[in-house]
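Next come two complexes built around chain A: one with chain B, the other with chain C.
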Partner chain A sequence: MRSLEQTTQEVLDLASKHFNVPAGSLAPGDDFFKKLGIDSLQALELLSRLENHFAIELPDYEVQGVSDFKTLAERIQSRL
Partner chain B sequence: MKSFTGKTLRWEWREGIIELTLDHEPANEIGTATLAELERFVAAFGVLAPETAVCIISSARKHGFSAGADLRELYRTAAPLSEKERLTRTRDFLERIHAVLNTIDAAPFVTIAAVHGVCFGGGFELALVCDIIVADKMARFAFPELRLGLIPGWGGIPRLKRDLGNAFVRDLLLTGRSVNAARAHAVGLVAQLAAEGEALRIARATAGQITKFNSATRAAAKKFIKPIPHEELRREIDLFCELFARPAVMAALKKFVEDSGPMPYLP
Partner chain C sequence: MLDLAKYQSMGAALKDALGQFANEVCLIESDREREKERLTYRAFRDRASPLAKALQDAGFKAGDRAAIIMTNQSKWLISAYAILYCGGVLVPLDYKLTPDELWQLLKHSSAGTLISEYPIWRQLAAAAARSDATNLKTILVTETPSNAPLHGAQHWEDFQRPGEPTFVPRHRTDIASIVYSSGTGGRPKGCMTTHENYLEQGHAITQVIAFEPGIRYLSILPTNHVVDFMMGFLLPFTSGATVVHLRTLRPEFVRDAFTRYKISYMMLVPLILKNLQKGLEAKFAALPKGKRAALNALIRVNRALTRARPRVWLSRRLLGQVHNAFGGEFRAFGVGSAFIEPATLQFFLDLGIPVANSYGLTEAGTAVSVNDPRAPRTDTVGKPLAGTEVRIVNPGADGIGEVAVRSKTVMSGYLDDPGLTAETIVDGWLMTGDLGKLDPTGHLQLFGRKKNMIVTAEGKNVYPEDIETIFEGLPVKEFCIFAANYIWPQRSLAGEQLVLALHLEPGRNYDEDLRRELTARNLRLLNYKRIHGVVLFDEDFPRTASTKIKRNALAERLAQLDRKTMILPL
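== the complex of A and B ==
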């Protein structure tokens, strides 16, 4: 089973790859809407990417209001 | 008319296959302009159908197949109207879109939706009239209407019920959540899963196979296996109008339309 730290790192890696930002430029506490400059449709792309990677389902209502990578990773962790 | 290019979509007939491409910024929101062009499309069936084996519906927009009904247009046109006028206009739109979708549903050729990205609300309802859904693994499906105090109004529930188990329909409808392509494939909504960016190519390969079959047999098989739930579709229009008359719906639409944040308001 992954640790929360591992999950968080994988979330950061996936986000940086999907949105073409330099690896290491994202931090767990970053607001991904602001840091990546994304909108709701792009956030859904990230959600699909994360669900496919972790082989989970993460209902929209569980990530509604979440804007930082660490909390997002926690939501994922609770479904692993 | 074997080809057409409009403001929101285009189609082209070639060797027995029609490709209908949705192409309306930002994410193929369906409003009066798209409806008028879809009406034009189905009006051409009289000419196209005898020579057509397959129709593929896809999107040229990056973000997906369709984000659904154009809620901004809906709110903008409905807000200044009296309740009575609003309902008359809404029912008229529903009757028109149902006529279009029923015609595509019953087309004597095979229809394939090649889906990528968002396939929400009215966009999902358009995909659901197709005989086969091919989805990119990044596709997402949702009926978010309950989050605005409504139900899907373009045939979504009757057609989803026609194809899938009621438990999944309730999950999708009553939570308003979106599901990914893998889940949609697992429950039988998506017929074929495609790698990223490959849905249209796979839809074309599938169409190529279907063109080999006898047209009368193909049409008879489709008619036999895919009845149109006319009675439930009528009831859905009535229920939608009943719910749309509630002030809470206009309030929710207003909040959604006026929200300029990265995640527009949805409860």
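== the complex of A and C ==
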């Protein structure tokens, strides 16, 4: 079982890869809309990638209103 | 299609439709690749009747208000029908608002009944603002996990009574719903929409966009929004068509729904249409060189053959693979709510996929003008609907002025706000605050806004007054939020953004601490509501005798500054 820290780091790594930003440039507290300059649809694409990686399903309502990596990682952690 | 012009109320029209189309499928609900629900009109009625009976047994009567806060799903429509059957007034609220905002609107609407789904209710129940909404007597929650606390609510699934509910007739002029067009932070704008507004609107739209049994409408815009309520409920249901709901809006599942359910129509916002365009362009670019050249040639042929008007049957033959990706039976997209680049519309037209670009606002009962998908004009938002008059008020030399609308579809007013109603509906004309002109063929073109607000590519209206509370208590002398285009008017709806005008305390600089504070507060807003930048203004803001900021006067003074250099991005 992953720790929350591990999950958070994996979320950050995947987001960096998915949006082609340097590894290590994202922090848990970052707002992903602002930091990555993405829209809500691009955020949904990231969610699909995270679901595949963690082999979970994240219903849309679970991530409604979430805009920072830390909270996103917490929501993922609760479903692992 | 029922003749909506003959009906007195939505409830009466829907009741007849459920009988007339009893064996047709009205609703499909899918969660990813799993189909969760497929209801005929008869099954839909059988689900709604016990709920209507239970509501009536609980004392729900004509004119009572019932709020719905749900994502798009079958129980939204079943609940709405039960409420309308009982003569109630719907209060559809945007489930994407924060719990505090929702409680504020629940309180303002005086709804006595709330219908929601568990993940939303869990958050609502935990919000401190809950104690404000004292009118709520009945709270019904769907899909509550077993043993999960209900916090004073009841299971929607158990709230049913046997026996036939009594149909409660309503008159055309009675209020059918209260739809909030804004006002979560300041002055709530609850548009009181009558049965006549909806029935007339529905009657007019179907003269441009045909609904009939066999049509499948993919509903992805929130049903609380007037557009989906009309296109994803009232119109398909009164014509025996089918509505498809998806419980997840991930692009891959939306794409899958087109082919799985042979979708005919879909309303969407510019952001999604643009995303579809990007996806298709990427696929085309990835084709081997020869295939790409062949595709481009076919697109050119299609463009030449459909220049005068779309011929979908022909385009399906020429560009079969593209059309098959949309299910092969797709007829048209509808898009509205926000600015869309004509090039995006043209991209789809070139593929033989019509896009009906339209214009509307909640106050006008949904659409004012719609492009006919049989002859769309990408540079316009179409012609006014039948029965809707559009007038350009105080046009300049270029013919551009404020768009005013007169129609039986225009709301009766804002709930509990006669002052704002009088400012908005003048001598029977709805003053839209949008700038436009009518071309010689009667098509409406939009050129910007007169009002202080923005509409995002996701179709969200954002009013500065609604987000100012988040900046209260800033260590500055005074502040005020504007739509940048309100200060510096543009002859375009592109690139709308919000700016924060700041008057600093004497001797204080716009330093890193202040910028950090602003950023932190900005991030507390939902992403589409955030301000883009700051404008520093080194004078006292003009104020009324009661010390309220005179926004117009302040905007005029800010307009003297250079937009390009004065907006400091946050």
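Observations on the structure shown:
To be clear about the criterion, the second predicted complex is superposed on the first by the 80 of 80 C-alpha atoms of A that agree within 3 Å, B and C clash if a C-alpha of one lies under 4 Å from a C-alpha of the other, contacts with A are read in each partner's own complex, and residues count from 1 in each chain.
Keep this in mind: a contact is a pair of C-beta atoms (placed from the backbone, for glycine too) under 8 Å apart; a residue touches a chain by one contact, two chains touch by 3 or more.
None of these values were measured; they are calculated from a predicted model.
By the touch criterion defined above, A:Gln64 reaches both chain B and chain C. In the superposition on chain A, no contact is made by A:Ser25 with either chain B or chain C.
With both structures placed on the common chain, the touch criterion links A:Asn52 to chain B but leaves chain C unconnected. Once the two complexes are laid over each other on the shared chain, residue contacts for A:Ser40 go to chain B and to chain C alike. Shared interface residues of chain A (contacting chain B in one complex, chain C in the other): 33, 39-41, 44-45, 47-48, 57, 59-61, 64. Interface residues of chain C, counted against chain A in their complex, comprise 32, 71, 95-96, 98, 117, 119-120, 247-252, 271-272, 275, 457-458, 523, 526-528, 530. Within the complex formed with chain A, the chain B residues making contact are 26-27, 63-64, 67, 117-118, 137-140, 142, 175-183, 262-264, 266.
Chain A meets chain C in the complex at residues 31, 33-34, 39-41, 44-45, 47-48, 57, 59-62, 64-65, 67-68. The touching residues of chain A, when paired with chain B in their complex, are 33, 38-45, 47-49, 51-52, 57, 59-61, 64.
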